[in-house]
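Structures incoming, each one as structure tokens.
First chain A sits with chain B, and in the next complex the same chain sits with chain C.
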Partner chain A sequence: MEKKKKMSLVAKQRAAGWMFLILATAMIVVMSFYPMVQALITSFKTGTGKNFKWADPWNYNYIRMFQDKMFMKSVGNTFLYLIIQVPIMLILAILLAQLLNNKDLKFRGLFRTCVFLPCAVSLVSYSLIFKSIFATQGLVNMILTKMHIISENINWLGQTNTARFVIIIALIWRWTGYNMVFYLAGLQNIEYSVYEAAKIDGANAWKTFWYMTVPLLKPVIIMTFIMSINGTLQLFDESVNLTNGGPANTTITMSHYIYNNSFGQGVANFGYASAMSFFVLILVAILAAINLKVGDTRD
Partner chain B sequence: MTEMKNKSAIQKRLIPTYIFLIIVSIISVFPLYWMITAATNQTVDVSRGKIWFGNYMVENFTNLVNSSNLWKSFGNSVLYATVQTILCIFVCSLAGYGFELYHDKAKDILFGILLMAMMIPGVATMIPLFTMMSKFKLLNTVWGFALPAISTPFMIMMFRQNSRNFPPDIMEAARIDGLSEFAIFFRMYMPVMKSTYAAAAVITFMNAWNAYLWPRVVMTDNRAQTMPMLIANLAGGYTIDYGMLMMGVLFCSLPTMIVFFVLQKQFTEGITGSVK
Partner chain C sequence: MKRKALSIILASAMSLSLLAGCGSAAEQTAAPADDAQAQTETEAAPAADAAAEEAAPTADVASEGEHELSVYAWDKNFNIPALEAAEKAYQTVDPDFKLNIIEQSASSDVENAVTLAANSGDYSQLPDIVLFQDHYIQNYVTNYPDAWIDLEDAGIDWSNLGAEKISYSTIGGKHYGAPVDNGTAIFAYRTDILEECGYTIDDVTGITWERWLEIGRDVKAKTGKYLLSMDHNGDDLPYMMMQAEGQSQWKDGQPYFVGNDTLKQILEVIITGAKDGVIYLCNDWSEYTDTSIIGDQVAGVFNGNWIIPTMEQVSENSGKWAITTIPTLSGKEGYAANGGSSLYITSNCSKPELAKAFLAYTFGGGEGAIATYDDALRNGGVIGTCISASKSDVYQEGVDFFNGQSIYADIVAMGANVPVVEQSDYHYNARTYIQAAITNVINGSDLDTELQGAEDQVKFEMGQ
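Here is the complex of A and B:
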């Protein structure tokens, strides 16, 4: 009798445990997983409004996607940003974290706040700030002219390569401090005495960094890498607000192009846009998996 | 004596570090400084690259109020972000608590599945979500804005990690006192976890305030638009009034900057919440 009562108490607790999860789980299922499946289904359809029907052949949107030069260009642009910006940003962030983790350094709090400050503004805000700084009639051109480096104003956002350059610079500016905070948190978990010991053993700064900091921070590095890849593959705000994809769509990102095909000006091509968005989803999944695989060296 | 010498030698060796950090700090702060000064200058001066305060602030402000829905959009953003924040930290803390303190194999598997939702890009769900919201007449409403972002794997994970600091003894003691499982959550867990709630609230508010892609999709009516949408529209024209634009950008950034400076500790905890 006594035992039975106790069992039911445990069962009651078990049931309560599930109750706590139900709301959050249901919302993720309805707001993430269900739409994901819907997007997959939609990607096999074509047409708009009442003419929205199954595509023929079934993979029509996917064939179209790989033949769409503009989409391929947006994939290329996104990867260009990814390959150039992410490594520079993460190396800079880890370097700054290492410098700021020095107990002998004065004004550490102030430096940290300054480097972290760009996180206080929204992505749209900083895109517009950079747009004004790099305007043809703007600060950067004024400074370069005064320094006699250029004689004619550069149309930074109106030329493919300079526009890409500005986007990359802006991204590095906005996200370096954000990533640095993760590394600082990771470094603070490492005992300071480990460094003291290394110093006594005669390891120089570079060796300490490469053979101690990096391995100890590895889990954090992998996490920031995945986050950055995920973020870059979904780049939207900067492409829209800094260059509006231009000139002639040479700086457009995947998300921006997908948006233009679904909610932008012109036709709402939900089927095609869904196919492209599924491509992005698969890319994110593959890159995350590679990262986890590379990072997992437990043997 | 030798210690003092040692100290100054250390500082001397740090000089390159200081110089590097000062340069990085200036670069980090400058665009925000530029935003503030440009908001007080006429467009001509902004274009001329004037980097000192001007006396055109009031004009920029009046132009902004006259040519846009500033107060309406500001109010919208406050409403949307507040509702999303309150619901998000409530729903996610319930789940984080459940996953950590009642955990068993089945729940761990479920947790792993939910985490995968983190990898689903916004562009992949926006079309079905838009269809869903328009079917339920939730376009241009706070619910349309907030519902997709109330339950997020990131926040659940953060609450789960931090729930490790919540002593299970308290639960046992409360059970003996006859408190129900939910009463334990509301009366014991929530007060103990105040700092986690603060960090989660700060990060959720920032994210909600700064959101851009989803609001652009779900807010089809101008009167329902958010602050980031408003300033993006200001910059959309062929000729841009940079003084006025920067005033708008300043307004859009003000709440998040205040949060940043006042609650920086919570903000840092919020973004690194899951690294522990």
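Here is the complex of A and C:
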């Protein structure tokens, strides 16, 4: 009788494994999945406060967002950042990684730390610093005036194109080092002998980089791409703190507009905000899927 | 293929979990905005305050003793001294009385606290009383009726309080709020700069906007200073100018931008002023206060009178300012109000009787009103709307910063002339799109098209 009840060694180990997993799983379910399901349910409701009720038709919020010029504008802004900023940032990151991977370089650690340091700065504080640097009476205007490049102060954050430019510059400053670290890690996994072989075969630096480094780094490149797309689509702090969406809402991002619909501007419209959040989710999922499809050449 | 499908699922799961932040922001769990959000509100504290200590939303909001009340407020130079004055005044009838003032970093923190509490159905996070912005309160009472306790049986004589002020806090015929500050707009000019250009304060009183623009161009050419500045990220200029005309951007609850001739003419004044360097449209609140006003770039300030403490930070300009009425399109003297807030009892209040008695005795015009409003004025520069309290001597005193002008009496007198115009729950939506229209027209767009676009968008947002 007793022998039957006793678990085998394998079963015991399995049980222990489940025990370890269950806590984390429960927490993810409660903290992450449950709110997501709730948000999905909320996205089928409409109205504010006491008038919060089921939408009629059920997909009212989802239809509404495509008729909402402001939301479409925020989608456009976000994609603009995505298309311009992500490629520039990743190319810069890979070049920097290549430079700093040089074995003969002195003070490599110092340089690497310098490039990575911006990532240690909080999003809000760096946004506010960029805001003051690019203020009409700010540092950039002062330097440009002293160097006689401009005669009158530029209102960087007051004009659409310059405001977008400032946001993109800020993003590049903040995130290049972060991506560089991934590339550095990837580069260090490449055997030096591969390069020696290339050298013996007479490949120049460019060919080595293009035909050896890039293909070998491919998994890392895809990962950084997905992360960058994901991050840019959810851009929030820069839009809120640097420009507050202005001028005339031409720099507002999707997440910022979602926030404005839930807090920020009076009584909350949580149903609509949730629906827009799911739109962002679908966008991220589609883009990530495309990225994986394009990047994966294994089968 | 299987592996690919799996990887797609994993990728979406990954992004999903990263998105959970978004999802839960739409839920009720997100924390209220931090102090970076502090800048835009009409009643925003001077920029220094934005960095002031941040009261956690779950801070101790409970009022322990039988004689204690808790209250949210947000400006330690302005409305918090007013509350302290009221606390002191009420202690004469209840010596054990204690007001637990919890400082918030901005008015939007109070709004977010109510939003969170109401949507989660857990009012226990709210204090007994909150200070709330006038333009927002209608919307919040309509949407979250359970969050408030009205003041109908508090025994306040409502006719003793400014009618325009009370019109905000009266919802569905019921009085909800006890007024604190009066938002009467002032138009202040630097008399020394006007003099330098050959004008006096009388030359800018009761003039048309057209004439005002001429003077502005003159001042700009001679001194390089702007005649006016405004935070163009929360631009109250169109609203105040419309009110001075006695007109509204609203008609029968709907936005009235298209075909509204007064609005169009006013926007043209702003656009011309901005193009000609007469009006400095700032990108945000701190540029407005720190760069334009404290940075001494303007010869005029036009805003709710709560802007006075900001002006007074430039002590070397003391004695050079004077306050007058607002220009209008026709040239009559204009009066407007902007901002201002009132105190509201939340449904979490465990001692509503005490709270009502306190509000009625102090800000509501009861026996402690004169003591309250006098100290509020002395310590915070808060000008009330209580008619009986404004008879007090303190209100008649001349102010050195304004060259001995008895500005408080003047402001109270001006406040009595502010016309009541149609208001809307969507005041700030209208503000957002009108200011966007101004920006776009300055950058070359056509005003009629922009007004049509703004009206469409506001109507769309009203459709929820």
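Just so it is clear, the second predicted complex is superposed on the first by the 292 of 299 C-alpha atoms of A that agree within 3 Å, B and C clash if a C-alpha of one lies under 4 Å from a C-alpha of the other, contacts with A are read in each partner's own complex, and residues count from 1 in each chain.
The working rule: a contact is a pair of C-beta atoms (placed from the backbone, for glycine too) under 8 Å apart; a residue touches a chain by one contact, two chains touch by 3 or more.
From a predicted model like this one, the values you see are computed outputs, not experimental measurements.
Look at A:68: by the touch rule set out above, it reaches chain C but stays clear of chain B. Of the two partner chains placed around the shared chain by superposition, neither chain B nor chain C is touched by A:193. In the superposed model, A:124 makes contact with both chain B and chain C. Using the contact criterion defined above for the overlaid structures, shared-chain residue A:173 touches chain B, although it does not reach chain C. Looking at the superposition, the partner that touches the larger set of chain A residues, chain B or chain C, turns out to be B. When the two complexes are overlaid on their common chain A, residue A:51 makes contact with chain C while staying clear of chain B. Looking at the shared chain after the overlay, A:143 reaches chain B, while chain C stays out of its contact range. By the document's definition of touching, neither partner reaches A:151: not chain B, not chain C. Within chain A, the residues touched by chain B in the first complex and by chain C in the second are 28, 31-32, 35-36, 38-39, 42, 124, 128, 131, 135, 137, 230, 234, 240-241, 255, 258-259, 262-263, 270, 273-274, 277, 280-281, 284-285, 288.
Looking at the complex, you find that chain C touches chain A at residues 1, 3-4, 7-8, 11-12, 14-30, 32-34, 36-37, 39-40, 108, 111-112, 115, 118-119, 136, 139-140, 142-146, 232-233, 281, 283-284, 287, 291, 295, 425-426, 428-429, 432, 435-437, 439-440, 443, 453, 456-457, 460-461, 463-464. Across the interface of their complex, chain C is touched by residues 28, 31-32, 35-36, 38-39, 42-43, 46-51, 64, 67-70, 124, 127-128, 131, 135-137, 155, 157-160, 226, 230, 234, 240-241, 243-244, 246-249, 255, 258-259, 262-270, 272-274, 277, 280-281, 284-285, 288-289, 292-293, 296, 299 of chain A. Residues of chain A that touch chain B in their complex: 12-14, 16-21, 23-25, 27-28, 31-36, 38-39, 42, 96, 99-100, 102, 104-106, 110-111, 113-126, 128-133, 135, 137-139, 141-143, 173, 177-178, 181-182, 185-186, 220, 223, 230, 233-234, 236-237, 240-241, 254-255, 258-259, 262-263, 270, 273-274, 276-278, 280-281, 284-285, 288. Chain B makes touch with chain A in their complex at residues 10-11, 14, 17-18, 20-21, 24-25, 27-29, 31-32, 34-35, 38, 46-49, 51, 91-92, 94-95, 97-99, 101-102, 104, 107, 110, 114, 117-132, 147-148, 150-153, 156, 180-182, 185, 209-210, 212-213, 216-217, 228, 231-232, 235, 240, 242, 245-246, 249, 252-253, 256-257, 259-261, 264, 267-268, 271-272, 275.
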